[in-house]
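Take a look at the structures below.
Presented sequentially are two complexes of chain A, the first with chain B as partner and the second with chain C.
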Partner chain A sequence: MNGRPRVGVITFPGSLDDRDAVRAVRSMGGVGVPLWHGDRELGGVDAIILPGGFSYGDYLRTGAIARFAPIMEEVRRFADRGGPVLGICNGFQILCEAGMLPGALIRNRQLRFVCRFIHVRVETSLSPITTGLVPGEVLSVPVKHGEGQFVTTEEELARVEAEGLVVLRYCSPDGTLDEACNVNGSRDAIAGVRNATGNVVGLMPHPEHAVDPDVGPTGGQPMLASFLSYALARV
Partner chain B sequence: MRFEARVVVRLKPGLLDPQGKAVEGALPAMGWRNVSNVRVGKQIEFELEAPDERAAAAQVNEMASRLLSNPVIEVFSVELRAPSGAATGGA
Partner chain C sequence: MEQPLHRALGLTDDELEAIRATLGREPNRNELAMYSVMWSEHCSYKSSKIHLRTLPTQGPRVIVGPGQDAGAVDIGDGLAVVFKMESHSHPSAIEPYQGAATGVGGIVRDVLAMGARPIALLDPLMFGPLTEERNRWLFGGVVAGIGGYGNCIGVPTVGGEVRFAAPHSSNPVVNVMCVGIAPANRLVTSAREVHEGSLLVLIGAATGRDGIGGVSVLASRTLEEDATESRPSVQIGDPFAEKLLIETCLELVERDLLEGLQDLGGAGITCAVSESASRAQLGAELRLDSVPLRERGLEPFEILTSESQERMLAIARPERLEDVLAVCERWGLPATVIGRLVPGSTLRVVVGEDTVATVPARSLADEGPVYDRPLSPPSGSDGARGEDPTFETVTVAPGDALLAVLGSPNIASKRWVWEQYDHLVQGGTVVRPGADAAVVRIEGTMKALALATDGNGRFGHLDPYLGAAHAVAEAARNVATVGATPLAITNCLNFGNPERPEVMWEFVESIRGMADACRALGTPVTGGNVSFYNESGNSAIWPTTVVGMLGLIEDYRLLVRPEFSEPGLEIYLLGETHPELGGSEFAEVVLGRVAGRPPTLDLEREAALHRVLVEAAREDLLAASHDCSDGGVAVALAECAIAGNTGFAVSLPGDLPWYVGMFAESASRAVVAVRPDRASSLEALAAGHGVAWSRLGETGGPRMVFDGLFEVSVDEARATYEEAIPRLLGESV
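Showing the complex of A and B:
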């Protein structure tokens, strides 16, 4: 064990942020391993990222077709054994469609695509991207999506809140919850959730676009650092 | 037997429908001010070969619940039409 976790990044037809994710993993000290949607094995990686983009053109529903890609059976097995899985944007949508995360993501409330830096508040340390963070911390990261409104039934929303599955919420720069800062109208301003066992997490913002101080805020650094150390702790 | 199938997918009643709201917002500007509760769904049509109607209905229902709709946020209904042309009910 050399202290450099191997993180698989899956490319689906229509993925856009796969290369940025590999690059961000590398810049944070991990090894980025490109994986292909048609693969039937994961190459012995320690963690998996489902990147952003528009897999299969987002036809039918976002993530609806990608969830049946051959590699997704392996991703599910990997997650069932406790392996860390991170879905970013379209990757989050795929994990929700696959039933690996609660809820669903629909058209933004304001019906417009949003592309800008926003703030999210950490709600729990019990997720692969927040192990090194404290609840209440505020991070600046970008969003870029047209269908990021997190919704679910009242019953499931109550369960998600009661079990502490909310990982991140959209907030003001000082961490206050304010409907004006809820960029897409998500229920309870939810920006990211985890599964009940705590090893699968999804979020709409893009930590992989926020690791380089030369090009903007670096709110993605602590999330990816947490993800890499979480992966390493399991090796 | 060859069947024509129609699956109608709707957002669950309690959920906000941004597309429906947008359509509803556009209608008054065109002079229709008496319209409310607009909901946008989708309709998927296809043909399939099945030994009988029961088998066709079972398959279409499974297709609808596993791929054509997302049971977290949507409900669906199925309509099958046999070659005779008679509609054979829904689910």
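Showing the complex of A and C:
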């Protein structure tokens, strides 16, 4: 083992941040491996990222078509074996549509697309992107989405909260929860969730756009570093 | 009485005569339709061509000048930057969301047609006052359309500008600029060899009835009362298809499978095929029954002129066809051979066994009419409109004046706009929207592009020559303030009806101003777009030259930002403030007047300032740097303070009245801040270039203090600046 986990980044038709995710993985010391939606094999990767974008134009419902892509069967099998899977923005939407994560994402409360650096608070260390973080830490990362409002049923929300599946919440710069900082009106200010087994995680913010200090805040670094070490720990 | 067909299609009687002479016979209905779109003002530049020829277009870095899909500039390291600006004002006035969205799509395909990957978009926009409901609808729709399309294709929208003025109430201006990058040796230019027998492959969307005659009906006429009936001439965008088109075309170019690549925009297939054939100095055979249609029953003339979006025309050797089709299929895009290039110079259009049109390709693409239209200055125009406001009696308090100007929608923060645009995708946006110029890093190098657009309608209205010259100067200054060397421009010329001599005079004056400024500043024109007929009834827009500037930074780590980020910095004004309030934001907002002369412009001084700014950045002298133009020194200082959340204490130099010192929009100035130990170096550098400087004060504290005049907290100024536009839109802030 050479210490450089191989992270597959799936390109769906309409994926936009796929190259950015590959670049971010590389800059954090991993090997970015482009994967194609129509393929049925994962090339032996150690972890998978479903990147941001507008798969199939998101004309039907965000992520609703992409979940039927041939590669998604392999992603599900990979996840069932405990493999780490990270869905960013559109990738999060696809994982929700695929039933691999709880909840759904609907249009932002303000009914407009929003591109902005915001703050999120870490809620648990038990996810592939927060293993190296402690609850309460605050990270600056950007969001850029029109449909990022996390919603779910009351019963499921209760379960998500009770089981500690919330990974990140939108917060103020000092970490307090404040409805004014809830950038899209998500229930319980939820910005990211994980599955019950803890290996699949989705979030609306873009850690891959927050790794380079020359470009802006670097809240994505510890998340991707966690993801890479989580992947490595399983190898 | 029903009007003859050619007139209904927008052709004049003389133009019909010219068509008859070219063909040696009466044109049929299809041919007439083809000429009507290709000879439209929008496609042929018939009113502007002779004047555009006077622009400086040469330079050591220019690879491709005007006349192709987009201009291209050499930035070293074997890389070329491709860029172009275009207007989509007419469609946006009728259907703001789709009009603006398809404007983005069109300009992206122009850059793509050169074989370049689009890496940035900028949108200069002008609307009527937001106090009117219809203007709010247009504004919201255009911004949503730009976002809806741009966000979905993975190209960051990094800048632009938004201005508001009464003459734009019926005629908003929507310009879109796209910037792309390509290896210089892989550019798809008209210099590529194209052979007879090569195939015309139509890639992308099926052809429908949308946008029939868009260029002739919409873009080349004034909008009448019944303009909404033109709605079927507005095209509908499909950004998902555009994203696939980008990846498909770039893969085709990277694998060297093509001889040529052409976008389908205005005038649709007719334009793409006739231009391809004309450039190759060949003829073409076009088979209309091969064109995939969205619905049955389209007439030949409809297929020929449809402006259905998200289509490209590739030219490929027959032996490459299989590979070309395989790439398209992998990306899920339909691709169909619709014809081929043939010996000769005739474009023959065939349906089944029938020839439905036979025309010389060149006559459509390159031999359209050229007009030298009459021009005359507006009556009573001596370069000044109304009494100059410079020494008017001003009763308002200085602090109130600053807040009024900061809260004016022209000056106020455009965050509401640019937060609706994905400005981060592709990961290269080093300076985000809201600064003087956006800065986008070039992957694999230390280089970065600084991009800015500028156009001051008020100045253009008061003096079109100066308006255009100022647009070039300010755009160049904007990129110089971040530390970039201005390299070249693209432009969009937004005017009224060229058949009116006053409008034509304004146009020619603007060209003269742009040409003079571009020569003096060393920034050749690599392309652009002319948008005429921006008027309805008797009200035309202000003549507005919008300039899109490309600047280059060799090492992006040395770029300079506008914000005052720490206390204890020395603040300087580079350049001089003159008693000239004509056309200023202050005069309009506080005195209620758009009058007088725009500020004077000494292009030598302007160029010297740019040299100082670029050199100071390269020597890492500057802690902050901000263009000083709209709203004057007071606004420039306030913006630096708001951006960096650090106040200042300054006293304004000279013995000008306070409101002139604060708000005059004299050209060739910048506000900069330096650490105290660098101050003398900056002074020496400025003096060495003959640029006047004055020390204004220093940064620090939570308040903006104008010595002897007033002070206001940064927080209060920020609230005014940030909340102005949301408030006008009726949103809680």
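Here are some notes:
Just so it is clear, the second predicted complex is superposed on the first by the 235 of 235 C-alpha atoms of A that agree within 3 Å, B and C clash if a C-alpha of one lies under 4 Å from a C-alpha of the other, contacts with A are read in each partner's own complex, and residues count from 1 in each chain.
In the analysis below, a residue touches a chain if its C-beta (ideal position, glycine included) is under 8 Å from a C-beta of that chain, and two chains touch if they have at least 3 such contacts.
What you see is a predicted model; the values in this text were computed from it and never measured.
In the superposed pair of complexes, A:234 makes contact with neither chain B nor chain C. In the superposition on chain A, A:76 contacts neither chain B nor chain C.
In the superposed model, A:26 makes contact with neither chain B nor chain C.
More residues of chain A are in touch with C than with the other of chain B and chain C. When both complexes are overlaid on chain A, the residue A:212 reaches chain C alone and has no touch with chain B. When the two complexes are overlaid on their common chain A, residue A:14 makes contact with chain C while staying clear of chain B. In the superposition on chain A, A:149 contacts chain B only, with no contact to chain C. When the two complexes are superposed on chain A, none of the residues of chain A touches both chain B and chain C.
On chain A, the positions that touch chain B within their shared complex are 60-61, 64-65, 68, 96-97, 102-104, 106-111, 149, 151-154, 156, 185.
For chain B in complex with chain A, the touching residues are 11-12, 14-16, 18-19, 21-22, 67-68, 70, 72-73. Residue ranges of chain C in contact with chain A, taken from their complex: 144, 147-148, 151-154, 238-241, 243-244, 331-332, 418-430, 432, 441, 556-557. Within the complex, the chain A residues that touch chain C are 13-14, 16-17, 19-20, 23-24, 52-54, 56-59, 112-116, 142, 144, 146, 206, 208-209, 212, 214-216.
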